[in-house]
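In the part that follows, the structures are each spelled out as structure tokens.
In what follows, chain A forms one complex with chain B and a second complex with chain C.
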Partner chain A sequence: MTLKSKAGDKVFGTILLLPSILIVGGFIFLPVVQSVFYSFFNFKLTRKKMPLVWNNFDNYRSLIESGKLQNAFAITFQFMILVVLVVFLMGLIMSLFMNRGSSGERLTRTLTLLPWGTPTVIVALLWSWMFQAEYGVVNFILMKLHFISEPMGFLVNPDTALASVGVAAIWRQLPFMFIMLLAGLQGIPSEMYEAAHIDGASWLQSFRHITLPFLRNVIRSSILVTIITNFKQFPLFWTMTGGGPMDRTETLAILTYKNAFVNLNFGVGAAVAASWMVVLIAFSLLYNRIFKEAEY
Partner chain B sequence: MKKILVPVLLAVMTFSLFAAGQQDAPAADEAKDVTLTFASWSVREDRFSDYFEALKADFEAANPGITIEFAGYPYGELKKQVLIMANAGQSPDLIQSERGWYSSFVDGGYVAELDALLGPEYLAEVYPAILGDMKVDGKIYGVPWIASPFVMFYNKALFAEAGLEDKAPETYEEAMMMAEKLSALTDKDGNAVYGLGQSTASVPVSGSAVLSMFFSYGGGFRDASGNIDVINEGNRAALNALKEMHAAKYNPEGAKLKDLRNLFAIGRLGMYFDTLWGIGGAYAINPDIQGSVGVTVPLSGAGSPAGSSLEAHMLLVAEDSPNKEAAAEFIKFATSPEQMGKYVDIAPFLFPKANQVDGNPGYKSNPGIAPVLGYADTIRSIEKNPEMENVFLAMTTAAQSVTVGGMTADQALANLDKELKTLLK
Partner chain C sequence: MKSKINIADLLARAVVIVLGIFLLFPIYWMIVTSFKNNLDIYRFPPQFLPRNFTLENYGGIFKDNSVVLYLNNNFLVSIGTTLITLLAASLAGYSLSRYSTRFGRFVNTALLSTQMFPIVGLILALYMIFRNLGLINTRLSLMLSLSAITIPFSVILIKGFFDDISRSLEEAARIDGCSRLRTFISIILPLAKPGLLAIGLYTFMQAWDDFLFAITFILTDEKRTLSAGIAMKFLGEVSYDWGRVTTVSVCGVLPMFILIFLFQRYMVAGLTAGAVKG
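So, the complex of A and B:
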């Protein structure tokens, strides 16, 4: 291949990529840059023609001084860690169990998928009713089983609200993790297990040295998707608790929404979103690095 | 060829101009016709559908050339949708607004000043306390369609069961004593009955209810000079009362208004605070309860005169509307005594104008309304600030802090003070 034809290929490739670059740049990169830009200005949604005024980091300062940003980060991370951990462990156990080829597998798999097909807002409303103190089924069952002596306001108690939203999130997201891991498990050649069995490997050794390494890529992507889903979780919180009680469920998504869409202060809303984006990027880089290192 | 083409082209152009002129002529006539778009959540409600159809027909018959087009949005979406449309240059002409959104619309410059459009004669009929609450820098940008303070509903049947007289309490102290007796009751399934319901959930309207309780105890969040004044005796007494209601289990934990309506409808709540139209939610669940519901004006607490913030569904005209005069005509028509008389037949609410009361003789004798007709005296005006929804949410946080959070009233007020100073700086 001559140098001229190589250069021609590059130009041709660039031309082919150009529409994608323009679309991604215009619809993803530009709004992100714009959002970061606005986070440094007094920018409210208004019909009045108002000049953008640089406010000397006041959007960030007010968020930090009020303690709202730190609280939202703490709540978001607590929620994310809780949900990801439980979803992963339960998803793994369920997929291992189902991979054994038990009877009624297809029916069980279909039923398990139902929560995943339910819109998140419906899930939020459903669980809000189930957790309701006076006529919710959760209280009814717990009282019948004598676990509690009187009804509990799970969503209005500062000690239980976050975990209660977490239960709804786990119920909604478990099928995704389960299906991904099951697909991964079914892709592992059975010969590997047969060879390990002949060599006298225990179940735990097979799991550690065959199952987990083969599932690594599936685990990496599924957990990353679950982390991002929960990091930006909004409808469950907004519908179930609105950020309360006492800001104990005020996540970064809720804080952004309240600032941007309740009191139309897009400058402060953008400041929350920008802080959140930086942390999420750093987190993703770290996460990928950890998994990459684990490969060697 | 050229000799033929030139005359043909000239003929075509002349015909086009003539045709265009013919099209323009009727357009000039049609310019007199106006279509008003009205963004509203009430028009989506089935129980009001006949009323709104009749309102449209009556108005269009009385105002030839003006057509009303309803744009229904879910309650929770309307504010956002209107703002999106306004910023896209497609603002509706008329907007139904919750009282709590009013400040955002005014502050953003989305709504038109109505003093001149409605005229002094119209505005003079609005109760002064309510008109005062609508003013922003002395100007009116919206008028109340229906109004209410946080009144108190009580269940007469439960009162009788608890051995209480069929008489509404006038003070919180009285209500607490009654709540003690009501809370000793159980329903037929053995479930506890709550004595006194006050909404404290994390939604702005609950914050408005909590602020009303502050007002009733002589509190508030601004002093006479306009400075933030949260740590005061009135607010402390109100929060201590809430704490007591929680500890004695008179009040369901962190309840939304709809939760209180549900409990009231099924006979598990003796008394509760709500807007007058809120009771419609309880009637929808259990129509049989209507005969045993009593209502009274906001209560006074610790010897202070009773007070409440105003809850209202308002009518606003968009600043970008090219048909402001026609929109103002619609407001006058929709709030005329005759139309309001038809509206109140469907759901209970309070008239914000004196002529609406005078024009509907049956209204004064309506047992669901008569006890609270003097409500306007209890209205405490609150500032028009785009942060008000967050201020209301901060009020709910204070209420939750002393109830489910276990804080003292002073701790909760210190936190509220810090938050309001940040929000309203």
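So, the complex of A and C:
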């Protein structure tokens, strides 16, 4: 019982913040600054300490001239858009249906959460096993349904590899989207629908004018979370395809990691990371602005 | 009119059943594969019900010590991360809730912005930092880097729980001569138990899922965690031993499934509270 005053409150409040500031500052903000800094230097990982040499944007130039950076951006965006769209639509359908209060809701909800609890690397292994080229169960099912006539290598075929990793991502992320949207739906007072029904509104009209506006916040944040998750996705690609075949799944995450820890060229890896961060930050700002404008 | 609704209903039901199969079949397939012998695993067409039920895969992975080791390391790292995050986040969340200053608001914004940074992009700088601290190949490096990721969301989440607790409690405690710290620990913190449980579960799951940090900072097998261990031990060889892989996967998934069955309510509450506030 020393300081009683406002000043004491201030000191106490600041001390409480310190552990979080130290950890997050030291292991997120400091590396962010350092990554941007390294990206302008010739910087390779070696046993001995090497002096940093400014290389006049060479890291960026080589990435762009080889087309690697553009390729990685294109693939990352393709993957993200595909997964986010499918996850959102599937999640919406599921939550709209489950919101009608079907029987055994609790158990169904628990069961559908299981993919979300599955560690990402295990998701990757599981789907690699199911997509296996000769005796994988997906091959069998698609052949039974006459979609394909003979087994194919989903993860080694350049045309299907990205979509196949996408399926694994969708599988893990769908439960999260479903739970979020369901929680949002359950927050809508049922009188709203009753009133709309009495006024003769169709299902589509009440969906458009009641459900969607009420869900707006939930939709905004759960889609943003899904976008960021897929933008950053690393373990699925690293385990399922490693960036192949023919760079067709070489996302920004894979390109960064390969440069830094396979080629041991930190400078180039940092350049990928820095360009990526700029785009992601710009994207989130734009995203929030779009949603804010939609408010009015 | 009536039949139209029924058709829509039927269609919705069918779609949900298909989605349900999509979500649950892979888990079933993992479990079934782990109980098959090597001959049956590679059969085509596959057996949807195991005909020769066997435990040989489970015997195999437990004879080899490494899986137990990986699981043990995963528990240590996840629990360590959870404790660090609980401590740091509850202090910071309480500060932001009750002692809000301009600096506090700045910290709040800074924490929110971390969700945007790609971790893979930071990892090389992080590697250098841990190398300078002499923490490469320690479990502590994993706990610290994972905490850095889980603290921001946890702070924001637990702040919401503190905001819902009445301030009159602190005023009363102050009149009774209770210090700020004691008020927090013995009066406020117990009331925020559901919030602590929510961030604890969130953090534990994030830490359990880690792959990137483990393959980067851990160099020796005896400190390796589950995801990295599986990927290094069972993959990358000429042919995959799918029986072993699915068996290890079942072991890795089981703790998470138990948590979901026991604490689903708190997990969902944490997730949705975070989302609605954005």
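General observations
What we mean here is this: the second predicted complex is superposed on the first by the 269 of 296 C-alpha atoms of A that agree within 3 Å, B and C clash if a C-alpha of one lies under 4 Å from a C-alpha of the other, contacts with A are read in each partner's own complex, and residues count from 1 in each chain.
We take it that a contact is a pair of C-beta atoms (placed from the backbone, for glycine too) under 8 Å apart; a residue touches a chain by one contact, two chains touch by 3 or more.
Note that this is a predicted model, so its numbers are computed, not measured.
Once chain A of one complex is fitted onto chain A of the other, the partner contacts of A:Phe12 are limited to chain C, with no touch recorded for chain B.
By the touch criterion defined above, A:Ala74 reaches neither chain B nor chain C. Of the two partner chains, chain B is the only one touched by A:Gly243; chain C is not.
In the superposed model, A:Leu114 makes contact with chain C only, not with chain B. By the touch criterion defined above, A:Leu212 lies against neither chain B nor chain C after alignment on the C-alpha atoms of chain A.
Of the two partner chains, neither chain B nor chain C is touched by A:Leu52.
Of the two partner chains, chain B is the only one that A:Asn157 touches; chain C does not reach it. A count of residues in chain A touched by chain B and by chain C gives the higher number to C. Look at A:Leu89: by the touch rule set out above, it reaches neither chain B nor chain C. Residue contacts after overlaying the shared chain place A:Asn263 against chain B, while chain C stays out of touching range.
Within chain A, the residues touching chain B in one complex and chain C in the other are 132, 134-135, 261. Chain B makes touch with chain A in their complex at residues 80, 83, 86-87, 104, 107-110, 191-192, 201-203, 252-255, 259, 262-263, 268, 319-320, 386-387, 389-390, 393, 396-397, 400-401, 404-405, 418-419, 422.
On the side of chain C, the complex with chain A involves touching residues 12-13, 15-16, 19-20, 22-24, 26-27, 29-30, 33, 42-46, 84, 87-89, 91-92, 94-96, 98-101, 103-104, 107, 110-111, 114-126, 128-129, 144-145, 147-149, 151-152, 155, 177, 179-181, 205, 208-209, 211-212, 216, 226-228, 230-231, 235, 240, 242, 245-246, 249, 252-253, 256-257, 259-261, 264, 267-268, 271-272, 274-276, 278. The part of chain A that touches chain B in the complex is made up of residues 44-48, 62, 65-66, 132-135, 150, 153, 155-158, 241-247, 258, 261-265. Residues 1, 8-10, 12-14, 16-17, 19-21, 23-24, 26-32, 34-35, 38, 90, 93-94, 96-98, 108-122, 125-130, 132, 134-135, 137, 139-140, 151, 171, 174-176, 179-180, 183-184, 217-218, 220-222, 224-225, 228, 231-232, 234-235, 238-239, 252-253, 256-257, 260-261, 266, 269-270, 272-274, 276-277, 280-281, 284 of chain A are the ones that touch chain C when the two sit in their complex.
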